[in-house]
Structures are given as C-alpha cells and as structure tokens.
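Next up: the structures, one after another.
Two complexes come next, and they have one chain in common, subunit A, joined by subunit B in the first and subunit C in the second.
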Partner chain A sequence: MTKKKKNRSMVQRRLIPSYIFLIIWSFISVFPLFWMITAATNTTVDVARGKVWFGTYAVENFKNLLAAQPLWKSMGNSFLYSIAQTLLCLFICSLAGFGFELYADKAKDRLFAFLLLAMMIPGVATMIPLFTMISKMGLLNSVWGFILPQVATPFMIMMFRNNSRNFPPAIMEAARIDGQTEVGIFFKQYMPIMRSTYAAAAVITFMNAWNAYLWPKVVITDNRAQTMPMLIANLASGYTIDYGMLMMGVLFCSIPTMVVFFVLQKQFAEGITGSVK
Partner chain B sequence: MNKKGKSVRAKERRAGWIFLTPATIMILVMSFWPMIQAFITSFKSGKGSLLTWANPWNFNYARILQDKIFITSLKNTFLYLIIEVPVMLILAILLAQILNNKDLKFKGLFRTMVFLPCATSLVSYALIFKSLFATQGLINQVLMNLHIIHENINWLGTAGTAKAIIIIALIWRWTGYNMVFYLAGLQNIDYQVYEAAKIDGASPWSTFWKITVPLLKPVIVMTFIMSINGTLQLFDESVNLTNGGPANATITMSHYVYNMAFGQGVGHFGYSSAMSFVIFIMVAILAFINMKVGDTRD
Partner chain C sequence: MKRRLIALLTAGVLSVSMIPMNVFADDADAPTADVSSEDENTLSVYAWDANFNIPALEAAEADYQKNVNPDFKLDIITQSGSSDVENAVTLAGQSSDYSNLPDIVLFQDHYFQQFYVSYPDAWLDLADADIDWDDFGAEKLSYSTIDDVHFGVPVDNGTAIMAYRTDLLEEAGYSIDDMVGCTWDQFIEIGEAVYEKTGKYLLCMDGSGNDLPYMMLQAEGESQFTDGEPTFATNEKYIAIIKDIVEMIQKNVLYLGNDWSDYTDQAIIGDMVAGVLNGNWIIPTMEQATENSGKWEITSLPTLEGGEGYASNGGSSLYITGNCSKPELAADFLAKTFGAGSTETYDAALKNGGVITCSISAGESDVYQEGVDFFNGQPIYADIVEMGANVPVIEQSDYHYQARQYVGTAIQNLVAAGEPTDESVAAALQDAQDQLSFEMAG
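Moving on to the complex of A and B:
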C-alpha cells in the first residue's frame, strides 16, 4: 500500500515539467480572452493604461456600442445566416454521404473523388465569379447570397460518408422487406441513428458560418445585412479606437461560439476531426 | 423472383444517385464553375463588369511578375508558412503527448483551456491581439513596468514586429485546433506500446520519435496539408490585425487579391482572377507534394 503510494507520488513528481508546460500554455490560451472580458468593462483610457481587472464602465461601453452600430440587427443576421446554413448544409451533405456510402459503386466513388478536388479551390479564387453570379440573381445582402456557396462542402460530405460506415446495412435490408422506400429509410432509419454525427456536423458548420468573414465582406454591402464579425471589424477600422467599446463588441460576437464551445465541446472536437476516421 | 430482385436493385441504384444530386450540383455550380470562370476572367482586362480580352493574352500574368506588392505578399505568406506551421504543429504534438498521459491530473480542464482559442472567431482574436499590442496597449505597459523597454513600441506599425505578431497570433489560435487531431490519433495507439517501451528503458525522447511520430504520420501529413492550405489563404488576420500595413509590408496574397477586386474604386477583376489562379496552383502543388510524401507507407 505505502509502496504504491510512493510510486504514485514519484510518477507525479516526474510529471512536474509537464504540469509547468501545461500551466504556461493554458495561461497563454486563456489570458487574451479573460482580458477581452475585463476590457469590455473598462474605459478606453483604463484599457490603454494596462488595467487587467473588471471595471464599472460596462453599461457605458454597451450604450456606446448600440449607438455606433446596429448591434441587435447584426446579431439577428448572424443567427439567421448561421442557422439557415447549418440546416441546409446538414441536409444536403448527409443525403450525399448516405448515397455515397450505402449505395456505393464504381461510378459514385469516382464522382466522390472528383468532388473532393473542390477542397483545393481557394475561397479567394471563386469570390469574383460568385459575386457576379449572386448579384445577377439579385441575392446580394440576403441570407441566400450568404449561404448558397457553402451549403455543400466536400468536408461535410466526407464526414457523413465516413461516419456512415457505422450504419448497419442489415437495417436497410430489414426496412426494405418491411416495404419502406429508400427515401423513407433515410428519414426514418438513417437520420435518428446518425444523430451524433449530425450533432458534431451542426456544431462545426454553425461555428464556421458564424465566423465567416471573406465571403460576407464580398456579398454583403449593406450595413443592415452585416454579420457580427463585420460589425466588430467596422468598430476597429476608425483612426481612433474606443477599446472598451470594441471589446464589448468582440464579447458579443464571441458569446454564441463560447456557449457552443462549452456546452458541446465533445461534439466540436468530433466535428473538427470528423472527416478523418 | 429473379426479375423482381433485379428491378429492386436498379431502383436502389437510382435512389442512390438521387441522394447525391443536390450536393453534386451545388459543388459544380458553386466551386468548379466559378473556378473555370475565374480562369477565363484572368485573361481579361478592364474594370468591374466591363471586361474585354486582354492584349496580349497573358497581360495579367506578366503583370504579376512585375508587381512588387504581389511579390511582397507572396514572401509574407511564405514567411508566415515557414515559421508558423512547424512551430505550431510541434507544440500541438507536444501538448497532445502530454495530455495523453494516463497519470496526468486535471486532464479535462487543461484540454479545455488549450482548446479554448478555437471558440473565438478569426476577426475577434485578430482584434484582441491588435488591442493587446497597440502602442498604448497592455503589452507595452507591462514591458515598461518591468523596465524591459523604455518607450512604447509601435508593434503593428513596424514591418518586422508586425509580422512577428501575426505569427504569434496564428500560433495562439490554431495550436489547440491541431492538438485535437493528434489527441484523437494518439488515442488510437494502444497504450501498451508505451508501457512496453518504458519497460525496455526507452527515454521519453526516443519514445516520442520512434513510436509517436511514426504512428501519427498520417495525421501529421493531414494537419500539414490543412495548415499550408489555410496559411496560403490567410485573410482575416491580415485585414484586421495590420490591414496589410505598414505600407503593404505584412499583406497576404488573399488580402491583396481582395483589395484589387473589391477595394476602394478598383474592381480589377481580371488581374485579381489571375492572381487567385496562381494561388490555386500553389495550393494544388503543395497538397500534391504532401500527399505523395505521406503516401510512402513502409
């Protein structure tokens, strides 16, 4: 017993460098975010003076933010675009992942390999033709203009396809014998069984949509249709920056993703690595 | 019986194609078709929607080679790539290795904290770093108080330090992200392999190089490709941290392409398309090399 205890404390002692490294890196990781929250409660003068604790200026910063930018409108836009993109992307990509894996044949595999090539196309290359296309369709400054280029991504199709390997084919046979249609199998068997994949995919798609910046900057030209990242970028683009107000904006932009992160961290991690398995 | 079975299979196969159709159409229309159009546009000149064929046909591509700002953006992007990617990936593997230790306490807490930067949007963290490193900012205050510096440094207004801060910010944001991949990869390695190595008297250093790295090789190659791809397309940080400045000294390729196309009063769609096509070729070549390197399974 005592020998075991001694052994354990020796193991812990050997881990001291690991703990030190982890504590330093954790501090580096957390500090800028902690500072952001405190700065949102301070005057810009206090922020510049290097104050790293909570102040009493939060309400003022919030009022200034409301006066400077259409905060609620932008929050609403960001939620609308992100949720719409998540729902549509999940539906289209899971349908494709289901088709590619459970109805696989040579031709479909070839098509899949071809679609994967789209991963290499940089956003900045398609930006100009997409802008022309979307503006011809009259969809600038609209939710459709925002989401259409992102509703089918090779990454998501791959994620659903790879995870579909865990879907038991026996269920499909049984459902067919019961007289269910192929579409019925997708909705009634596949979707419920794959819900953990849907959860991971939803988290990652929502985060990507919320954080998007390049494409929204191209397709959204009207302030009233702007997203939260665009709003905070506007706050910082002036010659003199009110740091307290800016950090209040950054805080608002970060709250939804932080909540998702803390509540659904496991799904988020699964979503990031999802297509790898 | 036989006939019936056959017709069911044909029906199934058709259903399979129907499931693929929406995604396939969207990717063709929203990725491949624009890419082809960008290639065609890259041979045109003029502004906005008034484009005519460039004369000579390779005018835009010839211009790229003469464009000092593009050359700077290319150098900057590769500088960020060469320094940031290896440092970040090594840190990520190290953190994953440490967090994979069975005897470590507070594992969940540490993992959450290391992973936390991923919860912030790219614009958010760029602005946080911009504020921290402002001339009248926290970093300068701390360094002054510690008497390391005697007057405020204009971090983001000086080319060298501005580049360093972009790299530091990138490492901050993406190390935890890559760690998640390695942690997932390490969890697939049987822990007994490590126990056996320990019994054989292998040092942690040689265990790391002889067991961890070879077994993680596919994951390492993949994170490498992703990081290179991401760095070549760097945009948000360049725009929001430094706005490419001072005087385009820190601008990235994507940022310059955007400025040429959608910046104030330009609309050089032809030239921007040519530059974006060059970026596409670079991404494709680097991805191809990486896949070839990663494919040598021995």
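Moving on to the complex of A and C:
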C-alpha cells in the first residue's frame, strides 16, 4: 500500500514540469481572449496604457458600437452568408465525396487529381477573374456573390472522400437489396452514418465563411451587405482608434464561432480523424 | 449528445430567426456603391474615418441640401482605411470593370499620381468645374494636378504642426519662444535637457512609417527626388537631417515607436513625450490624453540653419471616378462645397470632425479664430491654415512610401551602428537609394 502511494507520488512529481509547461501554455493561449473581454469593458486610454483588468465602460462601449456601425445588420448578414454557405458546401462536397469514393469509374482518379490541382492555385490569383465573373453575372452585393466561389472546395471534397473510405460498402449492398435508390442511399444511409464528418466540415466551413474578409471586401461594396469582419475593420479605421469599442465588436464577432465550435467539439474531433458511427 | 443537439438546434433557430429581422428589413436609406441604381439626386462616396473625414462629408451634404438642392443625397460608404479605397481602384483597374467604384472617392494625396498613371480611366478631371483654385495652397494642389489639369478637390489639410508641452519645457528651463525658428542642433540640446529633467522625449515618430525625414527635408524646401530619381545620398541637407535623426534617437530626444500603435497609444496617449511633429490630423490623437489639456501649444518646425520651417504630411482630396453616373452633379457638389471655400461646410467639418480646411478664405471664418482650450487657448486652426499657405512646393514621387520605407530602414541600421558620421550616413542613404532605384527600374 505504502509502496503504491510512494510510486504514485513519484509519478506525480515527474509530471510537475509537464504541468508547469501546460499552465504557461494555457496562459499564453487564453490571455489574448481574456484581454479582449476586459478591453471591451475599458476606455481606449485604459487599453492603450495596458490595463488588463475589468473596467466599467462596457455599456458605453456597446452604445458607441451601436452608434458607429450597423452591428445587428452585419451580424444578420454574417449569419445568412455563413449558414447558406455551410449548408450548400456540405451538401455539394459530401455528394462529390460520396460519388468519388463509393462508385467505380476509370476516370474518377484522374478527375480527382485535376480537382486537387485547384488547391495549389492561390486564391489571390483567381480574385480578379472571379470578381469580373461575379460582376458580369450581376451578383455584386448579393448572398450568391459571396458564397458561389466557396460552395465547392477541393479540400472539403477530399475530406469527404477520405472519410467515405470508412463507410461500409455492405450497407449500400443491403440498401440496394431493400430497393433503395442511389439517391435514397445517400440521404438515408450515407448522411446519418457520416454525421461526424458533416460536423467537422460544418465547423470548418462555418468558421471560414464567418471569418472571410478578402473576398467579401471585393464583392461587397454596399454597407447594407457588410459582414462582421468588415464591420471590425471599419471600427479600426481612421487616425484614432477606439480600442474599447473595437474590442466590444471583436467580442460579438467571436461569440458565434466559439458557440459553433464548442457545440460540435466532440464530433469535430471524430470527423477530423475520420471515424464513422 | 442530446443536450448538444438541443443546443445546436437552439443556436440554429436563433441564427435563422435573426436573418429575416435584419437582412431583409426595409433599409432603402442605407448607402450603396451601386451607381446604376441611384436616383438623379444621389451620389455615392467612399471615405474611411468616422471621426474625421466622414463628418466633413456629412457637413458638405447638409450644405448642398440647404443651399442648392434639397433633394440631394450623399451615400457615404465607410471603408476600413484609405488602403481599401486604393484596393478598390486597383481591383477595378486590373479587371477593367469599374462597376465596384462609387461616384466619388476620398483618396490619399501621396498616392493619386501613381494611381492616375496606372489606371487613367478610373478618374474624371475637373477642368470644367467652377472652382477658384487660387483659394488653395499651391503645395496641396500639386498632388492632384496632372499636366495643369485638376482632378481632386482638397478636403483635409496635411500641414505639419510641431506641438510642445509648455509645462515640461518650463520644467527644463525653456519656453515655446525658444523653440520657434530654432535649429535642429538647438532642438537636440533642449531635448536632452527635457529628457534629463522630466524623463519625456521631445519628439516621437512611428518607426515603421517614419515621416520625419520627408517633413524635415520639405521644411528646407527640398525633395528626396530630382526629376523623378531618388537623390538621397547626394543631398547634403538630407544627410545632415538623417544624422540629426539618428543622434536624436541615441540621445533620448526622439522616441521611435515600433509601429503606428506604439507611436500613438504608448508615446502620445501614454504620455511619454513633450513634443509631437506630424500632419495636423494627429491632433485628435493628442487630445485623447485629456489630463494634458491646456499644456500644449503649436508652432512651426525647426530647420537646419534656423528660421521657421513648414511642411505637410498626409491629407486627402475628393476625386470623381470613371464610374460616376452623374459627373455634372458630382462636379457641382464639389465646386459648391469644398471647392467654394464654403464656411458652412468647413466650419461644420471642423467642429464635428476636426478637419482643417485647405481653403484660404474658409480659414478666415470666426470658428477658425476661436481659441482651443487643449492648446492653451491658442487659435490653432487659423494658425495651421496660415502655416499651410507657407508650405513649399517640392517634387512629389509615385514612390513616396517606398522611399520612406528604405530610408526608415537606413535609420534603424545607423542607430544600431553607433555614432553617425557624414560618411556612414551617406553610405546608408546610398544603400537606400540603390534599393529604391532597383525597385523603380522594375
């Protein structure tokens, strides 16, 4: 018994450096978030002078934020764009991943390789042609202008294809014997079984869409259609920046992505590792 | 799992319920850059500072509505910075599709010529506009005039101010009178005394965007460029200026911030300095340190040989874009507000946004003659307009910001190398000049 206790305390002592390292690392990770929250409650002068504790200026900062920028409008826009993009992207990419992995075709690997090539092209290189296309289609300042270039990404198709390798082919055979159509198999068998992958893909797509800045900046020239990252950038404009108000805006911008991530955290981890239930 | 699903569903329902509330709400009055959908009395404009140039545009809109056209409407589309406007013009020019541009843009003076050369179709000239150009300082107009044709109507005045904390000068045994027209050598001497007595620097600047060399050289009436080519290393005054800057840093007279935020937030708002030299748009930043109200005064710049120096930094003008759907209305709006020296526009722009006019006649209004408490009751706005008229016209370059970057790096290297000599400064400037020439050669 004593020996066991001794062993346990030795193990615990050996873990001390790890704990110290982890505590320091956690502090480094969490501190910017903590500062963001405290800064949202302070005046800009307090923030500039390095105050890192809570102040009493939160309500004032919030009022200033509402007066300076259309917060609710931008929040609504961001939700609309992000949800629409996530739903469409998940549907299209999962359908593509399903097809690429679970159906036999001689040309599919060549086609997939061609698709992966698109991943190598930097987004900035396609920015001007894309802008011209969207402009000519009359989709500037619209939801479609925002989401169309991102509704099918090679990365998402690859993710769904790779994870589809764990989808049991026997289920497809059984469903076919039961008389289900191929479309029915996708909706009734594939989608429920691949839900972890869907969750991971949803988190990634939603975050990308929510945080997108460059493309919206190109395609949205209308204050009515601006997103939250654009609102944040507008708050940081000019010669004099109100840091308290800016941090209040950043806080509002961060909450939805945090909620989505925390809600889908477990499924995200499962989906990334490719597990299937 | 169940709880998470419920949370997810709730979040989803909440998100979706927000969409119709905000996105599809009737919002016909919100600004848009879609010039094709505007009515005949509406113009759109890109601007970027809600506390500075946007109130000036609002003032002009109200002026035009009151005195010319009651149905007029100016849609001001907020951008996150001047670079957004530059990017929008670049995108339009590169794609030869100008539909993303509004009728008018507020554009940084230093950048205009470069953008005009690259994208000439992006701009409409003001040759037919009824504007008295003599009412503006020649230096300000030199940025927006190409081959004697005017393209821009000046908005804010970039005249440089040299502001001093009179209480700290006194503590060190000096007064602001000692600073007016002093030489840079005397400035360094006084700066050392101020730092010794008060622990504050007599000057500060953003190290990543160091505008000091440009302003100090302009105060001497000279440019970093001759006939379009950089002449850093062969200009003796420039060598003397850079040597002074390095010396100031080494003797704790000048605090060189790591970046813009360090310069404004730590040095100026953080109360580290007894002096500020920059375009007068720096004033709202200075005024944030409210505890120093009444302790500041402004004057002109020191010079190498003594005598008052005048310079300018920054500032912007309004330009009509190639996408403008109503060029006559745009030109008339600019001509009757900012271009006419309208006291209604400029007085409100000053009161609401702190924008100081470039128009000599507008600077004579009563509002401009009022003393400013923060500056010890000094009528700084009238003083700045007066100083603006004295800023020497010097050669401008499309490579202004690149020059700033290379010379800024040279200064950092010289500071690290120890005590500067004429030779070491000339060699560092030669390096900077060679790098810039290489870039200019493409």
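Everything that follows uses one rule, which is that the second predicted complex is superposed on the first by the 265 of 277 C-alpha atoms of A that agree within 3 Å, B and C clash if a C-alpha of one lies under 4 Å from a C-alpha of the other, contacts with A are read in each partner's own complex, and residues count from 1 in each chain.
Convention: a residue touches a chain if its C-beta (ideal position, glycine included) is under 8 Å from a C-beta of that chain, and two chains touch if they have at least 3 such contacts.
Owing to the predicted nature of the structure, the values given are computational and were not obtained by experimental measurement.
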item	value
Partners on subunit A (subunit B, subunit C) - clash or fit	clash
Touching partner for A:222 - first (subunit B), second (subunit C), both, neither	second
Which superposed partner A:98 touches (first subunit B, second subunit C, both, neither)	first
Subunit B versus subunit C as contact partner of A:132, first or second or both or neither	both
Touching partner for A:195 - first (subunit B), second (subunit C), both, neither	neither
Winner by number of subunit A residues touched, once subunit B and subunit C are compared	B
Which of subunit B and subunit C A:233 touches, first, second, both or neither	both
Which of subunit B and subunit C A:49 touches, first, second, both or neither	both
Contacts of A:118 with subunit B and subunit C, given as first, second, both or neither	first
First, second, both or neither for A:32, with subunit B first and subunit C second	first
Contacts of A:110 with subunit B and subunit C, given as first, second, both or neither	neither
Stretch of subunit C penetrating subunit B in the combined three-chain arrangement, among 1-9, 91-99 or 361-369	91-99
Set of subunit A residues, in rising order, touched by both subunit B and subunit C	47-49, 127-129, 131-132, 217-218, 230, 233, 236-237, 243, 260
Complex contact set, residues of subunit C against subunit A	4, 7-8, 11-12, 15-16, 18-19, 21-23, 25, 27, 30-34, 48-52, 77-81, 84, 87-88, 91, 94-95, 97, 99-100, 102, 264-266, 269-270, 281-282, 284-285, 288-290
Contact set on subunit A toward subunit C in their complex	44-45, 47-49, 68-70, 72-73, 75-77, 79-80, 83, 127-129, 131-132, 135-136, 140-141, 217-218, 221-224, 230, 233-234, 236-240, 243, 256, 259-260, 263-264, 266
Touching residues (chain side subunit B, partner subunit A) in the complex	8, 11-13, 15-20, 22-24, 26-27, 30-35, 37-38, 41, 49, 91, 94-95, 98-99, 101, 103-105, 110, 112-125, 127-132, 134, 136-138, 140-142, 145, 172, 175-177, 180-181, 184, 219, 222, 229, 232-233, 235-236, 239-240, 243, 253-254, 257-258, 261-262, 269, 272-273, 276-277, 279-280, 283-284, 287
Touch list for subunit A against partner subunit B, complex	8, 11-12, 15, 18-19, 21-22, 25-26, 28-30, 32-33, 35-36, 39, 47-50, 52, 92-93, 95-96, 98-100, 102-103, 105, 108, 111, 115, 118-133, 148-149, 151-154, 157, 176, 181-183, 186, 210-211, 213-214, 217-218, 228-230, 232-233, 235-237, 241, 243, 246-247, 250, 253-254, 257-258, 260-262, 265, 268-269, 272-273, 276
